[in-house]
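Each structure below is given as structure tokens.
What follows is a pair of complexes built around chain A, which joins chain B in one and chain C in the other.
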Partner chain A sequence: MALESNSRYVAEYPALAPELPGQNLPWLQQLRKVGLSKFSATGFPTPREEEWRYTNVSAIEKKLFAPVLDFVSIQPDLQAIDPSWLKEHQLEESWSVVLVNGHFSAELSVLDDLPDGVKVVSMAAALMALPDWLQPYLGQAVQPGEHGFVAFNSAWFTDGVFIHVPTKQVLAKPIQILNIATQADVLATTRNVVVVDCSTETTLIETFVAATDDAYLSTSVTEVFAGENATLTHYKLQAESDKAFHFGGTYVKQAQYARFTHHNFAFGGLLARCDIHTDLGQASECDLNGLYLGVKRQHLDNHTRINHLKPHAISREMYKGVLDDRARGVFQGRVIVAEDAQKTDSQMNNRNLLLSNDAEADTKPQLEIYADDVKCGHGVTVGQLDEKSIFYLQSRCIDEETARNMLTFAFANEMVDKIKIKSLHDKVLEQVLFRFPQEGVEKEWL
Partner chain B sequence: MSASTQEINNLINQTYKQGFVTEIETDTFPVGLDETVIHRLSKVKNEPDFMLEYRLKAFRHWQTMKSPDWAQLNIEPIDYQAISYYSAPKRKEDGPKSLDEIDPEVLAAYKKLGIPLDEQEKLAGIAVDAVFDSVSVATTFKGKLKDAGVIFCPISEALRDHPDLIKQYLSSVVPTGDNFFAALNSAVFTDGSFVYIPKGVRCPMELSTYFRINAANTGQFERTLIIADEGSHVSYLEGCTAPMRDENQLHAAVVELIALKDATIKYSTVQNWYPGDKEGKGGIYNFVTKRADCRGDNAKVSWTQVETGSAITWKYPSCILTGDNTISEFYSVAVTNNRQQADTGTKMIHIGKNTRSTIVSKGISAGRAQNTYRGLVKVLKSAENARNYTQCDSLLVGDKCGAHTFPYVEVKQPSAQVEHEATTSKISEDQLFFCQQRGLSAEDAVSMIVNGFCKEVFKELPMEFAVEAQALLGLSLEGSVG
Partner chain C sequence: MLKIENLHVSVGDKPILKGINLEIKAGEIHAIMGPNGSGKSTLSHVLSGKSGYEITQGSVTYQAKDLTEMAPEIRAREGIFLAFQYPVEIPGVSNIYLLKAALNAIRKHHGQPEVDAMDFLTLVKHKVKLLEMDEKFLYRAVNEGFSGGEKKRNEILQMAILEPKLCILDETDSGLDIDALKVVADGVNSLRSPDRSFVMITHYQRLLDYIKPDFVHVLAHGQIVKSGGPELALELEEKGYSWVEGNQPGVAA
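The block that comes next holds the complex of A and B.
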């Protein structure tokens, strides 16, 4: 059954291939070919692979999603997008790139007065106009062989965004990539390349939302190249529909002194997996933050890999999960310190809160260290709210339920409070409150 | 610091002192493994028929299995047909009745190892079962233990004398097909210890088994089964050594512990198999499956291990917390030097209510060694109020070694509290400086800091073993300090 849908994707590929962007680029064709052959050999990952141990994607394989081939076919959908709904998700005070069902929409995007030299172009357009700019980067931060989804994405991607920020450019406003799904059973496959040159400052926001309640599959791979001394802050808000399947991978290469800060908010989707892999150059820094809130039958998987390749790099990681109903949260974090990477300083933390009898948390933090002069640690907890804190609140005349809600909210809010952009902060908070609409948490005092 | 610098230097300059070979006549099977070997083995050991069936079943299952490759270990493929599966000191027809009949060379070998088998020379009141290659050569204090109702004998004897207990408990914790090495062990295990502590009995002395590999080209397949009946208490020690040889030898053991209601088992290991030379030539491959089952309510199992030897260690002493209010502890020090590789840790499976487990693991990696902690904490839905605390620290000595931590935490019960903490660092310059500034040499300082690092685990060991373990630590880090 599972193999059937995989092989149907493969069987339909030859018909689809001519429609995909970048037909005239031999290097890209090669990349797609490698992706295709890997995918046809192994299909989507299975729990037998160590990195997918806790996540079974066979539900995706039971369905067959169809790629939206050309932009023309989604035109009717654009009419369907309510402008006020769109406004809710499009951040004010930002440059916004809108991808509908895996295709760039120039009409919805807001890219006025970008500073000179800054490129924010759709992937399809960039492959036409700027192939030489893309060639050194596309497929370089992650190999198609990484796993089935990356292979699939490499072969099938229809569009995406290419962002280039030239040396010493400090962007005044964030760039938002807004991914919207509008139809049932759609397959949105996007590939983004983000190049931030030396000494730049950039804020990038990836948002995944849906204008439908149905099931669809969105796979998005983002390759990031941070030049020397570049600062990149990356937010990812995943608020897909309740029935959606989501795979999002961000693969980062940091040159020396580069700083990468990531905030990951995994709220939506029936089955969602998020990969963050980063290769650290000398004395670079990365700070990964994550919050996953699972309700109903959601399965949220967070996978991080920090590769300390060079000395003096610093990495920090903090992931928190709140799991209710029958939800299952997975955290797999891996820190690898290469032989050369002396003076590495790394700290990883994962905290899970289980709210119901049927919720489950699986966590696997890993340290793999081949250098000796290092300071590495990790901590994991799975548990429930501190009884003493509840008692304290009760002793202050707050009933138990309210106390629990307040503490649960505070647990999650710590991650939300780290967001530095006001409008995004409010949107994320809204999502948190939407998922845990307890009475005790009054919006006024937030 | 009690030992002077001179003593430390002596200690550091010592080599593997248990590396001698005892020249004795042996009965050794030709190399190779097939069903006829198992038939012969079962016959030599004069086993009941059900055991032959058991072994053949395990062997047939083993043939369908593949050697596990998930561990962070680099293992040369092992040719299972190039090993002899049985080697025993030649003995008279009926086997030795008393110490006088044991080959004096064997006795001398144990004496040299500091394990006197002569009851007059009492080793601080510890009963010893001495296993030499494939057979148990002597068990001390049998009489005294019998008075208390305790059964402590070689497992081959238990197969004949206590078939009911064997049938009830053997493989009830580690099924024959559990894993590749456990299946192999079930098919060809030769000897080991069997302990049964009856209801309400507190075992009057420490029990101990001393494993010695002597013959070349043989594998040692040890099987230990300890049953603590309701309300009983036992403390068991295990020690291991082997001669220095250029080729790798295989040691694949299975240890099963069963703690019934209110029983307590404390199991301590000081593993000092020959680790191979500086270039990684020779040494024992140590593939061990150890598992305990806290079957009754309020039972308690405690594992303490000091792993200093073996070229390769693949060992995960685990505990299944089946009964309510059961407790399990795991304390481990794993030291690897030169080209040793260790992938060790534990599994705690919480099933019963109010179950508690504690894991304290200390890894020390020096030279070009790789040291991995791999642990699983699993809390099932039924395990209300389960509690786990895990701490694993790694210390790196030298810049070519590796230390890895792979914990798995799976929780299906919201009232459970699971904590895991791990750190990896080298000996801090500040600590070293502080000690040196107080007049200690660099070596003294390192030795002191390393011992302090392991103290939490050493204090769990019985007295005699704690002393031995500290000495071993100095030995294993030889040449990597200062």
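The block that comes next holds the complex of A and C.
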């Protein structure tokens, strides 16, 4: 029963395959084939897999989602997008690539005046025009065998974005990948490849939003290759519909001295899972930040893996969760320090705030250290609002409910405040206040 | 202004305050001294409405109202201010935000409009200067990463801005060096007025050199065992607490 929709996807794949991009590329066909056979064998992941032990995706398997096959068929979807709604989500002062139900829309994208040599191209177009650029990267930062979602994504992806920033290029504006779902029951499957060469500076923003309140399945895999001394700041704002299912994976390879900063805002979806995995080269740095806000029956799972492969790398991680109603938050953070990775400096933190007795947080930091000269630490907390703090605020004339809201907001806002781009900061803040409207009473928080 | 009669307070099954009687009139300064663990902070918490304490006997009347019936924030809006012995750090809430929210809550409580933004800033900056603080503190999170002395100063800053009627200072002097103590004392003295009263809880008489009390009470084992004028503080300093602890009625030391 549970496997029914999985087997339907597999059964329908042969008919679908000719419509997917990259048919003429044997190496890509091979990748898709490996993905398909892994997915046929195992389906989506189950809690029996160690890295999925807190997340049961059987609700996804009970539904059947349908891919949107070609660009022509999304025309009605594009028409349905209200320009003022789009404007709310499309960042000003950025290059913006818009993907609607898993397909690139040139009309909605804004890609004028890209500096010479910088490529921001839809995945489908890049597979036609620039396959040799993609071959060394696609499927290299994450294997289809990683788990069922990556396998599925590898076989089924319909489009995505290829970004290449050549050596020493410092981008003046961020690049936004705006993923929009517009239909019920749609399957949006996208694959992105981001290559930032030596000594570049890039800011990438991935946004997931919906113009529908219904259920759909969005899976997006982004492979990132950061060259020597490259700096990449990557924001992800996941604000899918309340009923949506979301899987998003970011898999990074950092060359020596590369710096990767990630900010993961997991707000939407009924069931959402996010993977952030990075392989650290010598003396490279990563800084992973996360904020998950769960209300009602949301299930928000965040999985990070930091592979210290070489000496002298630094990793920092801070994930915070706020969980209300019957929501459940999951944080699994793995730090693996290879034998060769001496002088590793790693610190991982996860803090969870439970606002109701029915909310739940599962937190599992894992340190696996095979080198002997390292500095690694981790700390996790799961708790409620501090009664001493509430009383302190009450003694300063603030009523209890406002005090609770203030403290909750302050807890979450620490992560929002790390956003360096004003317009994005304001949008994320809006999302926080939207999800915890009682805290919106006082807008002037700072 | 405040009348405490035969106040008995327990935490769980443990009696902590055992029959306190104290009357404070407008404009008076009362010092409460006593050894560690005698119940000084408990008294300050009960007056400001902290939960977890059970009043088993007695009454507390503030401005002719039963104080024990009021929520902590109502007490605060009605003019009771506690400068905490251990001020709490509130990450993510800035000092200036809290000050404004508190001031507006008081104004609303009294049917007044919200404070004008410019007037507020002028007021706050004036008080910051008075307490010889750096304006940067205003924009930092409440007490977060402040040194012990900075926290105490910040409490007095809040007090100076909120202009309460009854100021309870719980060991504000501990952790302050002599210069900071003078600044804080000047801040308190500048707030003295015929309709404002102070309860200065302290362990040492040092603070009372700078803020002269009208009355001194000695608290030991949850009871006021001795009351007197300012000279009592000096006598206490000289003879030590064992002198008064021995006075405790009915219980062997």
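One rule holds for everything that comes next: the second predicted complex is superposed on the first by the 441 of 446 C-alpha atoms of A that agree within 3 Å, B and C clash if a C-alpha of one lies under 4 Å from a C-alpha of the other, contacts with A are read in each partner's own complex, and residues count from 1 in each chain.
The working rule: contacts are C-beta pairs under 8 Å (C-beta built on N, C-alpha and C of every residue); 3 or more make two chains touch, one makes a residue touch a chain.
This structure is a prediction, so every number in the text was calculated from the model and none was measured.
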- Superposed partners chain B and chain C on chain A - clash or fit: fit
- Thinking of the overlay built on chain A, is A:339 touched by chain B (first), by chain C (second), by both, or by neither? first
- Item | Partner, of chain C and chain B, that touches more residues belonging to chain A | B
- Partner chain(s) touched by A:378 [first = chain B, second = chain C, both, neither]: first
- Message: Rounding to a multiple of 10°, what is the angle at chain A's Cα centre between the Cα centres of chain B and chain C in the superposition?
- Response: 70
- Message: Which partner chains sit in contact with A:395 here, chain B, chain C, both or neither? Use first/second/both/neither.
- Response: second
- Task: Look across chain B and chain C in the superposition and give the shortest C-alpha distance you find, in Å.
- Result: 14
- Using the touch rule from the top, collect the residues of chain A that touch chain C in their complex. 386-389, 391-400, 402, 406-407, 409-411, 413-414, 442, 444-446
- Item | Residues on chain C engaged by chain A in the complex (per definition of touch) | 48-51, 71-73, 76-77, 81-82, 84, 87-88, 90-94, 97-98, 101-103, 105-106, 109, 141, 158, 162
- Item | Parts of chain A lying in touch with chain B, wherever the complex brings them together | 50, 54, 339, 342, 352, 354-384
- Query: Can you list the residues on chain B that touch chain A in the complex?
  - Reply: 70, 72, 379, 381, 394, 396-426
